[in-house]
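Each of the two complexes below includes chain A, the first together with chain B, the second together with chain C.
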Partner chain A sequence: MNVAKRTFDALIVGAGGAGLRAALQLSEAGLKTAVLSKVFPTRSHTVAAQGGVAASLGNTTEDHWHWHMYDTVKGSDWLGDQDAIEFMCRKANEVVIELEHYGMPFDRTDNGKIYQRPFGGHSMNYGKSPVMRSCAAADRTGHAMLHALYQRNVRANTQFFVEWMALDLIRDGNGNVLGVTALELETGEVSIFHSRATIFATGGSGRIFYSSTNAFTNTGDGLGMAARAGIPLEDMEFWQFHPTGVAGAGVLITEGVRGEGGILRNANGERFMERYAPNLKDLASRDVVSRSMVTEINEGRGCGHDKDYVLLDITHLSPEIIMKRLPGIREISIRFAGVDPIKAPIPVVPTCHYQMGGIPTNYKGQVVHPKLGDPNTLVHGFYAAGECACASVHGSNRLGTNSLLDLLVFGKSAGESVVEDFKAGQLDLKPLPDDAADMSIGRIARLESQKGGNAVGEVRIAMQRAMQKHASVFRFKDLLKEGVTHILKVAEGAKGTYINDKSKVWNTARQEALELDNMIEVAKATMISAEARKESRGAHVRDDAPDTPEHPNGRDDENWLKHTLWFSVDNHLEYKPVRLKPLSDDVEPIALAKRTY
Partner chain B sequence: MQTSKRTVRFKIYRYDPDKDSRPYMQDISVELDPTDKKLLDALVRIKDKDDSLSFRRSCREGVCGSDALNINGTNGLACLTDVDDLSQPIVLRPLPGLPVIRDLIVDMTQFFKQYHSVKPYLINDDPPPERERLQSPEEREELNGLYECILCACCSTACPSFWWNPDKFVGPSGLLNAYRFIADTRDKATNDRLDNLEDPYRLFRCHTIMNCVAVCPKELNPARAINKIKDMMVIRAI
Partner chain C sequence: MTINRGKVRWQCRRSLLELDLVLARFLEQEFDCLNDGQLADFEDLLRCDDYDLWAFINGSKPCEVTRWKKIIARLSQC
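And then the complex of A and B:
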């Protein structure tokens, strides 16, 4: 196979919020930059974010980044790294204001400032009462943000390679990262993108679960590429199940609905969150609300014929507020649930939404891995930001609106780190090894020559059902154990996938087969990391680690206050300490405590 | 709402330049599950049987703009169209007026070129203030119905003026986006933006046929935005 080669100062894989924000730093600094995306940038999944982006602007209620930091550490169930969390919360105002200057159409307060609404887990005075911290453009914040970032990149003349799918990470014998191989979808040609610096901003992989709010394209491509190239994946056992996916369809209904006053009710019409979270009620953290909903359903208080969902009620809000603040939700609800929320409540169930773990980085967006006893040794030339990265700011549970903030802050800092490292002369263009494209060519050649085998769609659905059964909202010791065996068997099947379509032109069958390879890495990482963590923390709650006086909420800090690192080779696990010390002396470490709302 | 299994008939435009000398319409029947409600669900079901059927899709909830198609003669998004509302056989073609790459996938280069030509970004060379630029709720409301565009191209590829002059006429989507910045009180380039459109083709090829309004899956009104730009041209000329 003929493999063309292109050379750049910097390469960004992915053009969602994180990739586009990073691209601005690089384009404006004058580096020769390429941004690869398998979809046109404004099709990236950032577009589907709804409720807002967190920043302690204090436009309506008093607010401080200290409070935001406290909420984020507590939300993470103390698994988040406090240096990265301090960095993110302190940078929030700056990156949100920048976005406003780029033209983002935020809603406004009466005095013309950015409109802010309450959101789950965000509070005043260290958990005392809800705060208005979520900066919103109606319920289309992600759409408005992604378009504003793309538009700013048009202005900055960023060079895009649109509808190119990155296939594999290129590393040399010393482990340095030298770029990626990528497939042009229109022609089927494979090229090498050789670069001094490579930033992964490839987003999440929520499609490994059967029921997901995620786009079809969220297949964990960056995680798969990193894992195959020997980079560990961090904290992959922690997945967020969003409380309010439309029952049956899986489409997201923003937490902003509850921020505007929406209430969850069971079959008896009871506002059941009052029992589980007396203080923040429906605005408790997402993991808490999702578990409460599943408990209601499991105990027979679900709604509908099969008693398998609960109701999200906004019928008490004025139609004007719904039309003004939640117009997109009304549209989704009518189209996907057949319900006008002005007149009747929306049927909802917890749905897989966000991956807290990812490629390990520090707060500067530099990828780190364990080497010679230091778990945070830099991987030369490699950076990551957004959902594919684990800085770790979300720990074991992410707060709503912190994902859009994460991609802005760490997209920018990854871009800044590349520019700094470039200017400091640390990013020389290292020579490509002779076998740079061999893995990708081998994968494509196998699909080309494979005669008979497993259909891609069948392996994919077997994986999705296994993940849903064995690693969902509540986890069970025995099911996790079986789940590991099960997913390894599915992974074997993925090695023999077969496609009928052999065309070179826009071959989506081949694309889906290559994406499945990536999802399988993520699925293995998730199941194996989850089986191994013998405690309950944040989104990972298991039956053999119950709430006891000795271990409140089943959390075991003595043994498990540490990050998981999963390696694809041999599926082996290592652990590294949580960074409990903030970045500066301006704030005290947030001390370990029992998490209640 | 349909709650049972049923078989649905399709006629789908097929063309793979790697093996077909010319495009053809393929008859396909597919059995749908009770949970398959949208046209996109049906397409995914067909692709399970024949993996060579090629189409774009991503968010499946009408916000990314990937899966615009010509459905029984009208442009729309597969993920927002209820399959049981369509008369059979359901005839699917790629968006009209753009070159076909393969099956239902069109080359959107010309569409995005027109979008880029309107300078779709905020222009304001004043030094940015420390905090946000202020904008009243009423001023912000002017952007409603404009900023929600998802660049799916349903409108522009339903527009006869765009079919005739895709290289010269900006098209409804591009013009809607042009007006989105003209209408933004923070933008300072209104005159330049009007200059950029003062041309027999770029703006004035719009003959108010209104196909754009009829097909927009987000229920936006490009024709109204275009009229507002035309009005501003007139006022400016007086």
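And then the complex of A and C:
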């Protein structure tokens, strides 16, 4: 079949923060650069990031990158790679100041410096007291960041292919990455994007869970493409959950509601957090609150017909306070829960928020895989950054404000690596194999010819419910085991999806079917990796790995201080060591310790 | 020129979950009933920045464009 071909020096898939930051590095270096995006760049999910971006500028309180590094390693529950974490924390000031120069409207102090605010998990003097490290633009930091980066890319003549969906990674017989196939939504035609270097910056995959704060676009396309092409996915058992998403919708109810006096109640009306966290009660940390909520639901004290949520009650606050301090929350509750929180409590459940794992990379944003005994062998021509990548800086648990930092630092780093490799003559344009587009054309042909089968929406819901039931915020041995069988069955069903609409142009049903293929890969990786990891660590908390003197917090460093690698081809797992040595001698390794706050 | 309805459907994919949810309900309940003029207004409205669009829908920011007001009122009910 004759397939159109375009050729570039560098190709980036995804136009959120990481993709745009990488693109800037390449375009400004003069490389012929293309960015593919399913949606218009400023509609990428980076826009939803509110909190800020971490950097030890020390503008408001004393700070040091050593302290930031300590906080990040501790936050990761020691699963983060200390070389990558050193790299990120040392680079933070540089990338934030660059962004300031690009026109990012950061909040300011009275003397004109970037204003910094405190954020959970960030401290000075190695955990001694809170530090002001988060640089923000009101509560729209991601939005401001993405607009600044997009405008800078327009100035740098980056070529955008908007409303193009990448379908599959192209590799040759030696495993080199040569670009992607992509579907132009407007024409329905598949093209080959042939490139010396390919950077994936496709964001997260949070839509695999039934309850998710993620926008609909977060379908793990990069992870699905990588997995189908034989690249393993790293640490996919680790997902961060937010305790209070609106039940059935996922929209976040900020922690500020509990800060204003909101109380969590079970079906009996009991303030159950008093039993789990007698001192902090409803203001205990996210993971403690989430697990307590799940325990209430699992023990039959959930609310509603299916007893599958709990209630967040602010009815004891005066209507004036709710209208004045929480107007947005009232609006969300009325619209998405059908409840006015002045009159009745809000139904909430722990909700998937962020993916810590992803495509394995080193601190330079180069994709790595195990080969001939070296788990960190480079995949020639392939790079990844942002939520789709696993550098690994977040390990088993991410600190707030480190995600925007991650995408800036590793977006830039991946771009720099491509430029360096290009200048060193290491990125020759390798010839395309004859079957470069066959897999993608075959996937589309199957959807066109399939007569009858499983509706895409039904398979997606089955996957989301399986993930929510078996691999949510609090995990149980038997449920995980059943979950593996369950998700593999759902995955079989996904092979026979059927769409009514067989039209060629702007066929959203087909796009959703293709996205489902990607989500299924991520769901399998998550369930199988989670079932296998027999300890509790960070966001992966198992009922059968409790807090004991021998294994504080249920963590088992002797057996499980290692990264998981899941392979799609036969669902097997391999493991690789955590990099406990920092990048330089400027800082001592952060020694293993119990993670307590 | 006729606007492709599939294109407009795809442009309901947004950066914020709140918008995705409202627009999904609108696509299900109202979209097929839009005439060509209404469809053009809707497509035009979708060019707005996501936070502005959400503010129009939840009423926290008034919309100054008269021809969008009817469609915003319908979105607000979704």
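By our rule, the second predicted complex is superposed on the first by the 490 of 597 C-alpha atoms of A that agree within 3 Å, B and C clash if a C-alpha of one lies under 4 Å from a C-alpha of the other, contacts with A are read in each partner's own complex, and residues count from 1 in each chain.
Convention: a contact is a pair of C-beta atoms (placed from the backbone, for glycine too) under 8 Å apart; a residue touches a chain by one contact, two chains touch by 3 or more.
None of the values given here were measured: they were computed from a predicted structure.
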Fit or clash - chain C, chain B, common chain A: clash
Touched partner set for A:Asn298, first chain B, second chain C, both or neither: neither
Touched partner set for A:Thr485, first chain B, second chain C, both or neither: neither
Contacts of A:Asn559 with chain B and chain C, given as first, second, both or neither: neither
Contacts of A:Ala144 with chain B and chain C, given as first, second, both or neither: first
Chain B versus chain C as contact partner of A:Ser318, first or second or both or neither: neither
More chain A residues in contact [chain B versus chain C]: B
Among 169-177, 205-213 or 223-231 on chain B, the segment whose C-alpha atoms clash with chain C after superposition: 205-213
Shared chain A surface residues [contacts with chain B and with chain C]: 39-40, 42-45, 47-48, 140, 143, 186, 215-217, 249, 251, 328, 331-332, 335-336, 503, 505-508
Touching residues on chain A, where the partner in the complex is chain B: 39-40, 42-45, 47-48, 97, 100-103, 105-114, 137, 140, 143-144, 147, 151-152, 154-155, 186, 215-217, 248-249, 251-252, 328, 331-332, 335-336, 338, 455-457, 499-501, 503-509, 512
Contact set on chain B toward chain A in their complex: 1, 16-19, 35, 37, 47-48, 50-52, 54-66, 80, 101-103, 105, 108, 112, 116, 119-122, 124, 128, 130-137, 139-140, 143, 147-148, 150-151, 181, 184, 186-187
Chain C contact footprint on chain A (complex, rising order): 38-40, 42-48, 140, 143, 163, 185-186, 212-217, 249-251, 327-328, 331-332, 335-336, 503, 505-508, 511
Interfacial residue positions of chain C with respect to chain A in the complex: 4-7, 9-11, 13-22, 24, 49-51, 58, 60
